[in-house]
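In order of appearance the chains are A, B and C, and numbering begins at 1 in each one.
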Amino acid sequence: MKTNKLTFVIVAIGLAVLPLIAQYFGNAWVRIIDIALLYVLLALGLNIVVGFAGLLDLGYVAFYAVGAYMFGLLASPQLTDTFPGIAAAFPNGLHTPWWVIIPLGAVLAGGAGVLLGAPTLKLRGDYLAIVTLGFGEIVRVFMNNLDAPVNITNGPKGITGIDDISMFGIHFGRTQTLFGIDFPKVTNYYYLFLALVLIGILVCYRLERSRIGRAWMAIREDEIAAKAMGINTRNLKLLAFGMGATFGGVAGAMFASFQGFISPESFSLQESVMIVAMVVLGGIGHLPGVIVGALLLSALPEVLRYIATPLQQMTGGRLDASILRQLLIALAMIGIMLSRPRGLWPSPEHGKDVTPDSLPVNPHLNLTPGEQIPPPVSPIVPTVK
Amino acid sequence: MSETILKVSGVSKRFGGLQALSDVGITIMKGQVYGLIGPNGAGKTTFFNVLTGLYTPDSGSFELGGKPYQPTAVHEVAKAGIARTFQNIRLFAEMTALENVMVGRHVRTGSGLIGAVLRTAGFKAEEAGIAKRAQELLDYVGIGRFAQYKARTLSYGDQRRLEIARALATDPKLIALDEPAAGMNASEKIVLRQLIDTIRKDGRTILLIEHDVKLVMGLCDRLTVLDYGKQIAEGTAAEVQKNEKVIEAYLGADHKNH
Amino acid sequence: MDTFIQQIINGLVLGSVYALVALGYTMVYGIINLINFAHGEVLMVGALTSWTVVTALGKSGLPGWLLLLIGLAAAIIVCCTLNYSIEKIAYRPLRNAPRLAPLITAMGMSLLLQTLAMIIWEPTYKSFPILLPSEPYNVGGAVINNVQIMILIVTAITLSGLMYLVNKTKLGRAMRATAENPRVAGLMGVRPDHVISATFIIGAALAALAGVMYAANYGSVQHTMGFLPGLKAFTAAVFGGIGNLAGAMVGGVLLGLIESLGAGYIGAITGGVLGSNYQDIFAFIVLILVLTLRPQGLLGERVADRA
């Protein structure tokens, strides 16, 4: 156990100083890490829906958008500019504090999850995928067009001037100095996002190993048998949608604050597909795999951007960084699925196989004292004392 | 004092042109093993599916444990107190045997989101209780040592027993077994029969669809015989065996085989 | 009233394109249970290929209709080869993989095709030359031109041809048998791999045709042009009844009509709150409504028995 504790401490210290080291090479690197962390949060959320409950959601970005626009509307000049009534009520501008917005965003997104999930409950797998995809598009089109007749979302121009988060007197948007080290905005947000990701991991881990996690797995395995065992599949599916959506909403709110500006472009179908790819490529249902998938698909293309410049010159401008990024993601999706269809880091098979060798001669007699079948550790079952 | 566990009367079900069930009624007392037999296509599984909420009957009234019983959704059935197994074995294949039975405890336990995420003391106690009870049930049906083994790797006979353990985990008033002996060899059937006997001795009530006439006659207190959706006989094993209509249905004076 | 007729004409033209693409989706889904996300991109490749051929031969003095035909032939050849290769390289190895793997591969393929097209043809919008005489004909107050008439006729002929193929030929029987039960079809001497390849090739030809017609009608081509029509065509296939050919045709045409009429009248219906820029989501709204009320689609689904 000492090695485990030591590893834990090393990792913790590593995570704590990572941004400080990275920012030495330029804030842009920390920015990449921040965005990657947001994607990890999104992937974790989608994993609840797709991985735990087995529901293929291709419109997950809708919840990301809900969270982002909610933060954008409640913490920027957008509403006060459009509605004189609101401007009058909030003469200093609309600056809803984080401890209102984040829970509110979570609840709103969660509600959206239940709302969008409800019509899909009776649909078969691929139909469910297309309908959720449709919902994602519907949300995006509304965000894009709610600038007329009343300008709520400012349409394709998006919402600008979104507040930074300010917590316990620390303004995340401004550079803070501690012990003589500079903590610029990107680094401040890193710690915030890291905290959220760690909470997210904990929540997912605990959910999986619980009565609810087992029920989700049962639904995934055989929905009719699950129902026959008294599991209310409808409510549990809605719970999965809601929980997943909550993760998306919180990530969206964070994104809005971090970037200071949001537009419907960030919430396209492409994004939903990317997040699904992260979950599936990483290892569906397996938390470490999902995290790796998210980090890989979000950070790697950014990093490779730096290699792109010479390539760009070689091909006379046809291959620029964003094209290369797209190419890479596409090839990754195809390549990884062809070589490892269960994902890069899939769930280890849990539960032993009863092979003929491990069975005693007469399976109906009790085992003789000499025969021991060591019980493997199953992640879902708490050790029975 | 024997109480009535299940009282069903006047159940009819039509599928398009086929009258799958006409006016079927049975009464099962506590601690009985009640058999439902009949040739293929007689309507036995249809009756099961009606009873367990998979089909809605055209007519019929149900009483479970003295109270009216009318499930509108399949998942309410287990909650009301009827647990079933399936003719084709529907286990959660990739979960371990223990986990399968633990899922059976779902309907009698209650911790939800908050408990799971916050790991409250109540949650932990309940989880430990679930695991303990699940292991007990696995031991009870005789496959305790396979607790950590993946359900789909168990032998056929053991899978059947696992399904029974899972059904028992829901603490049912009535446990309904759909052809539990199907596909079993002679020695497996002996073990099954012993198990059902043990379950009956422990005070549970069992409804059984079965084709193996010898098993059924030796095990069941009372029987109903269905043929073409109609109830052609009802009574003890001895009575039913002597019934002319039953003999005709099975051995077929003028009946065609399917 | 003339707006109405105009929207009907527009709807039928658009619906023809959707129907052709929807068929490709529905045939593939019916036979291997895969949503081929890359299918819309086949339409795009067809359009861009024909554009290249047509502009290259533009100065040759050949009559417009001949150029169109040559462009179409080139598009069909390229698309069929492309789709056949995609199936062989990317989908066939994953036939027994967990259900989500081929879906991700298909999405990756869609992205790959778009990116490659962007590299090869550059991201600019290109205009497709006018090859047929373009004076419009007057129909009850609305206008229709030669391209549109050609689209309607060609689509009708193609659809009948496809129905004949599927219902009256040996290949068609093999396709239907494989779609229903591949294992038993195999036992009867049908080679599922051949049938599946044939399905992809036929689907590609239809998509190439749709792409060329789309380009000729709307006048511009670009590497992103296939994505949205492809998606909408798939929703049309779903709400017509996935796996059901007649359903795809009906669904496609219906969707075209709904989109056209909807876009035309939505302003009036909602009192100006919603405008025609919401056109793109009509497909999804229709889909959601249909699936809520009739989960198997309008004409019923026909999918393989995966026992």
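In the analysis below, a residue touches a chain if its C-beta (ideal position, glycine included) is under 8 Å from a C-beta of that chain, and two chains touch if they have at least 3 such contacts.
Small disclaimer: the values here were computed from a predicted structure and weren't measured.
With centres computed as the average of Cα coordinates, no chain lies farther from subunit C than B. Nearest to the overall CA centre, using the mean of each chain's CA atoms, is chain A.
Work out the mean CA point of subunit A and of subunit B, and you get 42 Å between them.
Separating the CA-averaged centres of subunit A and subunit C is a span of 33 Å. Separation between the centroids of subunit B and subunit C, computed from CA atoms only, is 50 Å.
Per the touch definition, subunit A reaches subunit C in the complex via residues 50, 56, 119, 122-127, 129-131, 133-135, 137-138, 141, 144-145, 148-149, 269-270, 273, 276-277, 280-281, 284, 318-319, 323, 326-327, 329-334, 337-338, 341-342.
Here subunit C touches subunit A in the complex through residues 29, 33, 35, 90, 93-94, 97-105, 107-109, 111-112, 114-116, 118-119, 122, 231, 234-235, 238, 242, 272-275, 277-278, 280-281, 283-285, 287-288, 291-292, 295, going by the rule given at the top. If you check the complex, the residues on subunit B that touch subunit A are 52, 54, 73-79, 83-84, 86, 90-96, 98-99, 102-104, 106-107, 109, 111-113, 115-117, 119, 123-124, 126-128, 130-132, 135, 142, 145-151, 153-155, 158, 166-167, 170, 187, 191. Against subunit B, the residues of subunit A that register as touching in their complex are 202-203, 206-207, 210-215, 217-218, 221-222, 224-233, 239, 243, 349-355, 363-364, 367, 373, 375-376, 378, 380-382, 384-385.
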